[in-house]
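Let me give you the structure first, and then I'll get to my questions.
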Amino acid sequence: MMKNIRTDLAIEAKEIYQKENNGSYPGVEVDEYTEEDIKITNVRIIDQVGEKAMGKPKGSYITVEMPEFAHYDSDAMDDVSEVLAKVLTPLIKLEDNMTALVVGLGNSSVTPDALGPEVISRLMVTRHLKELVPNSIDEGIRPVCAISPGVLGTTGIETGEIIRGVVEKIKPNLVICIDALASRKMERVNRTIQIGDTGISPGSGVGNKRMELSERTLGIPVIAIGVPTVVDAATLANDTIDLVLDEMIQQAKNGGEFYNMLKSIDKNEKQKMIHEVLNPYIGNLMVTPKEVDAVIESLSKIIANGINIALQPALGLEDINRYIN
Amino acid sequence: MMKNIRTDLAIEAKEIYQKENNGSYPGVEVDEYTEEDIKITNVRIIDQVGEKAMGKPKGSYITVEMPEFAHYDSDAMDDVSEVLAKVLTPLIKLEDNMTALVVGLGNSSVTPDALGPEVISRLMVTRHLKELVPNSIDEGIRPVCAISPGVLGTTGIETGEIIRGVVEKIKPNLVICIDALASRKMERVNRTIQIGDTGISPGSGVGNKRMELSERTLGIPVIAIGVPTVVDAATLANDTIDLVLDEMIQQAKNGGEFYNMLKSIDKNEKQKMIHEVLNPYIGNLMVTPKEVDAVIESLSKIIANGINIALQPALGLEDINRYIN
Amino acid sequence: MMKNIRTDLAIEAKEIYQKENNGSYPGVEVDEYTEEDIKITNVRIIDQVGEKAMGKPKGSYITVEMPEFAHYDSDAMDDVSEVLAKVLTPLIKLEDNMTALVVGLGNSSVTPDALGPEVISRLMVTRHLKELVPNSIDEGIRPVCAISPGVLGTTGIETGEIIRGVVEKIKPNLVICIDALASRKMERVNRTIQIGDTGISPGSGVGNKRMELSERTLGIPVIAIGVPTVVDAATLANDTIDLVLDEMIQQAKNGGEFYNMLKSIDKNEKQKMIHEVLNPYIGNLMVTPKEVDAVIESLSKIIANGINIALQPALGLEDINRYIN
Amino acid sequence: MMKNIRTDLAIEAKEIYQKENNGSYPGVEVDEYTEEDIKITNVRIIDQVGEKAMGKPKGSYITVEMPEFAHYDSDAMDDVSEVLAKVLTPLIKLEDNMTALVVGLGNSSVTPDALGPEVISRLMVTRHLKELVPNSIDEGIRPVCAISPGVLGTTGIETGEIIRGVVEKIKPNLVICIDALASRKMERVNRTIQIGDTGISPGSGVGNKRMELSERTLGIPVIAIGVPTVVDAATLANDTIDLVLDEMIQQAKNGGEFYNMLKSIDKNEKQKMIHEVLNPYIGNLMVTPKEVDAVIESLSKIIANGINIALQPALGLEDINRYIN
């Protein structure tokens, strides 16, 4: 029944689940707390009931919600990086000398999809130094490597194939993936970071399970970091129509034919209709904020530094910044 | 009565006018013809009736509709440039030695708004050579200069002030403005070029008449070239709702209460409601195709070359390309 | 005799002057001090002797030398901005409600020349708000506007003409220009900020005095901020040859024919020879560090914030960052 | 004896070899011919004498020299692509249904090193369609896939490891690599395309043989396409000094002490001295033409289309352009 929740964010799936299930959400546990003005929500799917209702595998989905000004204030950016590192640290179960591979998913030439590759370009990469010039680098520094594999449409190769080929060659102990997501709500765009421990399906929704990046397919733990950077045009249209219908319902006389008609509109039918109407353009359209270039840049710095701090517990942010130089 | 047509394109305004006026459109004349698979439509507003109905001043608004593949086929791109030049030529009433100033409106750091500045960067600019090293350049070459004045939000100066300041200093005989527009229809985006002889209001719709660039304010003829590169998010939502409502009306029993209710929905009210719903984001949202970077690049080449050919009748496209080097 | 010093930096001109004048430098006064690890040098040309020897007009040329890591450490970047603001403040003799126009010189599509336009894109611009929506903005905020006029080669208009046209229209009380310079020394590139109160000649060295931006040509004070972002290829070759010749001289037997020959090489002749050798490419070549994109970005933030702080004494850096949002 | 030739271009190595070997070049064969104003030179190293003298393995090194205006004239660009395809075709010994993997070497965020990744972004990629939606695509179309693996400094992984991992997973029948090279001569920069059938060592000169991409390491044929896009700063300085010294020798009295001294300068010593002088900056400096962004864009189109035509003999350039859309 709950089969139609289509959102990349567990926090949104839970809201819809809760709404459609009269306020409760069996199979799911939720914790909320705040650090440095940053709201953190941990949505845990604990059993098959939760899995089915949420459309996502069992596991933790932690959401970090940034204050709006974080994109423009370097201290606030650092605060978010530190909170992100705190959330990541317990998920990284590595000994000091174990290697992490960071994967930047997405298309570097479509700005809102370029988050992954942009994070890669700001990462503290050390594996080659550990291997080639070990004396040049402190012992406490963990070997980290990184790759931006591109997208199926421009490489002709499934991302999963590239990553598995690389993983088999270099044998890392952990994979961290970064991807741009779609949100249902404009106010979440570029403001919410989701961290999960159940892997990721690049270009998800396509239903191509071979592409999944997860412990099941790679044989090592996979942490996924995602940020919604676009709103789907059909979602935007749909949500607007819902709001307009709600407004019409409120204004219609309770119990009248019109009221009843409005109440009876089948939400799935309506959504299908919108998809048909927008269909000729849908794959090609995106809705973004105008300042998307600047925002992706600051987001990628925040996330890169969160990963850098979490992977290099022996270093402070200042050392890391100096090192990246 | 026709007061609510909000579109930058005369061809769209005429369609709405015609629809709401039972098929006729007094005060407006329309010619259509085809050159090299390219459809050209000349919408002429001929009197005050037309002006009022269309929400635009008297004059010619010529639309060039490109075939879809033009963005990817260099021969097709050249064909569009040649057709654009043919349309522009009769509007350019200059003697050979008269100077043209080309103005690239828009914000170079927001890709779909960067069309104007991108055209400027591909223009054949000659005025400085004519003035500083006249012997380096053929006599038949017209002096052309160009400027991208930026946008009010990043300069703090109205574009009209900058252009008037420059026009007073360098005294050109003609201004050609290029601007990115909004369309009501996704299928027109990046495919339609509108050429007008009545000037332009940068950031139009804001109602700030002081900013108008026209013969009235600059004292010299102003040709405007515009291409819709985005669809307004509210327009997209509105049009989708209209289509959905039409679908609902068709399915409702003719004459029933629901049918009548739907028929009675006030289109202005509905539009206002959508604007309220989207308001917190509206100024900031844009709907674009994903490959917007590549498309703006090819569009700017097409338009720059159309202008180059029209302004330099003594040269062929090959000479111009070699020259731009 | 000192006529051949070709460098945009007064600090370099003074070094050469001092070297060629046996250690003294009549007509020039120099102060050095340090703030937050940042070295500040004030070179004042006080009379005609200094003007002639230095090849620059009378006035103050203050040099701020950044530590190397400043490009990568956001706290260090803020420190440099604060020091830059301290240096600028006494040069800005404006009442609170007087308007400043900031001019970003250079070509935005050639990375090392894009410093000026990049600064403009990060500036706190307020003039339009003061004029159009005065209630939206605190009274203590000074009206600031900005323009990136482009370069002669792409506009066909001398930069001076554009700026004079704009100045006459909007009547600011002060102009601040930012420009990318050439240095003689690789180690100064992207590390040294020069602030002067005597105006600027865009594309200087070309000898076109009409283009000068100064109090003399604009009628209002002009502050120039410049950073060397390239080394001239001929300069690099010349300096390398000098070092090689010095090495050869040291190794040659003092007093021998070879030694005397080497000593007798006419430096001007040699420089001319190098220019001839490199001539076919010289206008077109530039020598830059590989990470030039990242460095220009951080430099433009440092300078934009220095100007923001200096022009808005009522605000702190945090307010400014929030405002720019 | 010939051990010191350091250039990526076989045509330059042969020139130096010939000069230092009194005009002959044993072990090397050279053919020259012209197609559509484009000069093609085939340098074949045929034995160990040639290998040792040239510092390159046995095999063919074909050089295509573009006319200068090719970067600005779309017909001339197409001509170069066609010639490149003609040169490539005999090297591609594939049956129709065999898969080619194209590898874009280099750093996409350093413009002159971004040639490889830029070519990848303009390639006709078909492998995923052949596999996932075979009916969507003509039978005569060959499966092509592509990857931009990044550089060691930003991935921490040797390029060879990534490519071998991918090759083992997807098992192509041919690899084509594209890389940006360094030239000794400014006039070759961005004008010369070298095609070789002996593989490539990414970041060559570093002496890390594990990184080699060749039939020996990958088990399938490897074609290398390289274009010099920079001049090494030390090379530029060195060549300038040589020219200046030659000039000095010509002016010195034949037989005098100075003349003899100049003649006796040890070229290797001098080169070492220059490297020492430039050493603090050398790794970090590059010498490029100013319009490097525009040139890399047109180069990448030329090369991508040359590869597209060669890999898809069933299609014309027009079909390919339409397809890439």
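Labels A, B, C and D are assigned to the chains in the order they are written; within every chain, residues are numbered from 1.
Basically, a residue touches a chain if its C-beta (ideal position, glycine included) is under 8 Å from a C-beta of that chain, and two chains touch if they have at least 3 such contacts.
Since the structure is predicted, the reported quantities are computational estimates derived from the model, not experimental observations.
Trainee: Where the contacts of subunit A and subunit C overlap, which chains show up?
Mentor: Where subunit A and subunit C share a partner, that partner set is B, D.
Trainee: Tell me which of B-D and C-D has more C-beta pairs in contact.
Mentor: Most contacts of the two pairs: C-D.
Trainee: Among the chains, which has its CA centre at the largest distance from subunit D's?
Mentor: Checked the centroid distances; the maximum from subunit D is B.
Trainee: Determine how many degrees of rotation, between 0 and 180 and to the nearest 5, align the Cα atoms of subunit B with the equivalent atoms in subunit C.
Mentor: 180
Trainee: Take the average of all CA coordinates in subunit A, do the same for subunit D, and state the distance between these two points in whole angstrom.
Mentor: Chain centres of subunit A and subunit D, defined by C-alpha means, are spaced 39 Å apart.
Trainee: Measure off the straight-line distance from the CA centroid of subunit B to the CA centroid of subunit D, and report it in whole Å.
Mentor: Centres of subunit B and subunit D (C-alpha means) sit 43 Å apart.
Trainee: Just curious, how far off is subunit D from subunit C if you go by their C-alpha centres, in Å?
Mentor: Between these chains, centre-to-centre, one finds 38 Å.
Trainee: Going by the touch rule set out above, which residues of subunit B reach two or more other chains?
Mentor: Where subunit B meets two or more other chains at a single residue, that happens at 109.
Trainee: Mind pulling up the subunit B residues that touch subunit D in the complex?
Mentor: 68-69, 71-75, 78, 318, 321-322, 324-325
Trainee: In their complex, what parts of subunit B are in touch with subunit A?
Mentor: Touching subunit A: residues 109-111, 113, 186-187, 233, 236-237, 240-241, 243-244, 247-248, 252, 256-258, 261, 265, 270, 273-274, 277-278, 280-281, 284-291, 293-294 of subunit B.
Trainee: Which residues of subunit C touch subunit B in their complex?
Mentor: Touching subunit B from subunit C are residues 108-109, 120-121, 123, 125-129, 143-150, 152-158, 161-162, 164-170.
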